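Two complexes follow with chain A in common, the first pairing it with chain B and the second with chain C.
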Partner chain A sequence: MTEVLALLILLTVIAAIITVLTSNLLYAVISVGAVGFLLAIVYLFLAAPDVAIVQIGVEVVSLVILIRATLGREVQQLKTVHAVVGVSFAVAFVAVIGLFGIQVFNQFPEFGIPVMERFADAPALVYLQSGLATTGAPNLVTAVLLDFRAWDTLGEATVLFCAALGTAVVLRRNARIGRKKSEDK
Partner chain B sequence: MNTPRKLPDEGLDMGVTVKTVTRWLKGPILLFGIYLVLYGHITPGGGFGGGVVIASAFILITLASGERASLQLFSKGVASRLDSIGLLMFLVLGWLGTGWAGSYFFSNFINTPEAAQFTLLSGGIMPIMNIALGIKVASAIFLVFTLLTAFHIVEQELEDRLCAEAHQQESNS
Partner chain C sequence: MIFSLCLLLILIGLYGVVVSRQTLKIVISLLIMNHGVHLLLLLIGYREAGNPPIVDPAISIAEFAASSVDPLPQALVLTAIVIGLGVLALMVAFCVRLYERYGTFDVTEIRRLRG
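== the complex of A and B ==
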């Protein structure tokens, strides 16, 4: 179980590295998709089907958007000197963040042990015990999303609304007509 | 490096195979999305995941048979209105907890009997909230997709309108 999970995460990391290193934009988009779908399988292995469904859906849609957006676009390659500076900065960043990240792994609970075993008064226990009785929803993820933590969901919905609103405002038709007219003059 | 392929102006026309498969698949995909939204409080799923699946059905239509086909089913105006309606529904449901039921914001003011548990009509306001979120997410994602990718149609309409305005000005003067 843990070995399969480790293999999946390793494949995810390899796909992510290919995304960064490949010079073809379409290959990069395809390997980003591989990262997303491998993550969805990882979520399924970690017993989180809700997250996996959202991950697959969002991945499909964003991959389609990325492919449609990148096809037919030119890619600008960095000059050699800039590339050397950029790569050294990137390596330094990865080294620093990796050093801190390894420290975090020591703090992780052991795989397969729920948080309630480590902290007896964890709020997760209350949700699990009284979730069905107080909300009437057998799917506890939805119970938390739409009942216990509905405020957060309102924030999420507002973020998505603002994203759509921003896209609509930036790409609105009247502004483009005005710009076109001034260009013609 | 390979030179990127230029897309044709009149949307993507994918050929008979993709169009036929899309015609068969769009119904089941929509149905699966609606199922995820409606049964979100019982089985894995919910408004966010189901909404994205519904949006992907329309995106599939766009890719297979061009923007005009999908915009006839789900136009940009309808999408932006449904986006706002979904968020307003969610907010009103939250407000009803305080203003109408006299409890706290987002309180679950519809009590379901214990016998109704594990059925579709349970969970109080949660199914309604899932439907609101599903409408919101589906239309928002489809709207963003259309605005970002169906740019050349806007361009074409723009040209038409500018031409018409130019003609009008000429005939006026």
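== the complex of A and C ==
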């Protein structure tokens, strides 16, 4: 079980390496799609069906956005960095961050024991035990999202609304045409 | 070991952000870092051979609570994935606008300041 999980995450890592190293933008978009869909399978193995469904839906939409931004534009072979100095500096930077990351990850508990087991009064345990009785939702992820932590979901909707508003403002056409007309005058 | 693979995913994204010259490539690398963080959060809440956090009427609630994975990281990752999509759309919109202005995704060409 853990071996299958490790193998799937290893495939994800390989797809991510291809994404970063390829110089063609369209290839990078396609292989980042491979990363996302492999992760959806990993989430299924991690007993998270809701997250897997959302991941597939979001991945489809984000691939459409990325391909729409790539198509018809210059995606020619652009060397990522010419200078050897630049690459070695970047590798050193990432290695330093990685060393700090290994220090942090060594503090992590053993894989396979959920974080709620280590605290007697963890909120997740309360949700598991009283979720069905207090909210009536058998699926506890939706119970947490829409009932126990509904304020969090409201905040998420606010962030999403702000991002959509920003996208609409950046991509709008009318105001640009108007400005061009006034410049002509 | 699985946590270290997850760290590797985050570091690959970081490397892509540092070395890329195309703005869209930087956005894609940030997307990979995003995926790595989501995977890390779900791995923390995983129970060995655990069940999905959906109440099974066949077993008692106490038994269910002892066999289910942690629902809280799953709910928060669900939120984070959707927010990631919104932020990605915003970043791609900036890239498209920069392309229309300068005719390239190359960050070394995008230098002029305009009012």
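Everything below uses one rule, namely that the second predicted complex is superposed on the first by the 165 of 185 C-alpha atoms of A that agree within 3 Å, B and C clash if a C-alpha of one lies under 4 Å from a C-alpha of the other, contacts with A are read in each partner's own complex, and residues count from 1 in each chain.
Here is the rule we go by: a residue touches a chain if its C-beta (ideal position, glycine included) is under 8 Å from a C-beta of that chain, and two chains touch if they have at least 3 such contacts.
Quick caveat, the model's predicted, so the values are computed rather than measured.
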TODO: Examine A:T135 and indicate which partner it touches, taking first as chain B and second as chain C; both and neither are also allowed.
DONE: first
- [ ] Look at A:V54 in the shared chain and tell me whether it touches chain B only, chain C only, both, or neither; answer first, second, both or neither.
- [x] both
Task: Touching partner for A:I17 - first (chain B), second (chain C), both, neither - done: second
Open item on the list: Just to be sure I read the superposition right, which of the two partners does A:I65 touch: chain B = first, chain C = second, or both, or neither?
Closed with: both
TODO: Determine, for the superposed model, which of the two partners chain B and chain C contacts more residues of chain A.
DONE: C
- [ ] For A:M1, select first, second, both or neither according to whether it touches chain B, chain C, the two together, or no partner.
- [x] second
Open item on the list: Taking the stated contact definition, name every residue in chain A that is touched by chain B in one complex and by chain C in the other, in rising order.
Closed with: 25, 49-50, 54, 58, 61, 65, 69-70, 73-74, 132, 138-139, 141, 143, 145, 153, 156, 160, 163-164, 167, 171
TODO: Could you please specify the touching residues of chain B with respect to chain A in the complex?
DONE: 1-2, 4-7, 36, 40-46, 48-49, 52-53, 55-56, 59, 63, 80, 83-84, 86-87, 90-91, 94, 105-106, 108, 111-112, 116-118, 122-126, 129-130, 133, 136-137, 139-141, 143-145, 147-149, 151, 154, 157-158, 161-162
Open item on the list: Taking the touch rule as given, give the residues of chain C at its contact with chain A in the complex, in rising order.
Closed with: 1-16, 18-22, 24-25, 27-29, 31-32, 35, 38-39, 42-55, 57, 61-62, 64-65, 68-79, 81-90, 92-97, 99, 103-106
Task: Partner chain B, residues of chain A touching it in the complex - done: 23-26, 49-50, 52-54, 57-58, 60-61, 64-65, 68-75, 132, 135-139, 141-143, 145-147, 150-151, 153-154, 156-158, 160-161, 163-164, 167-168, 171, 173, 176-177, 180-181
Open item on the list: Quick check on the complex: what are the chain A residues that touch chain C?
Closed with: 1-2, 5-6, 9-10, 12-13, 16-17, 19-20, 25, 28-29, 32, 35-36, 39, 42-43, 46-51, 54-55, 58, 61-62, 65-66, 69-70, 73-74, 78-81, 86-87, 90-91, 93-94, 97-98, 101-102, 105, 108, 111-117, 123-125, 127-129, 131-133, 138-141, 143-145, 149, 152-153, 156, 159-160, 162-164, 166-167, 170-171
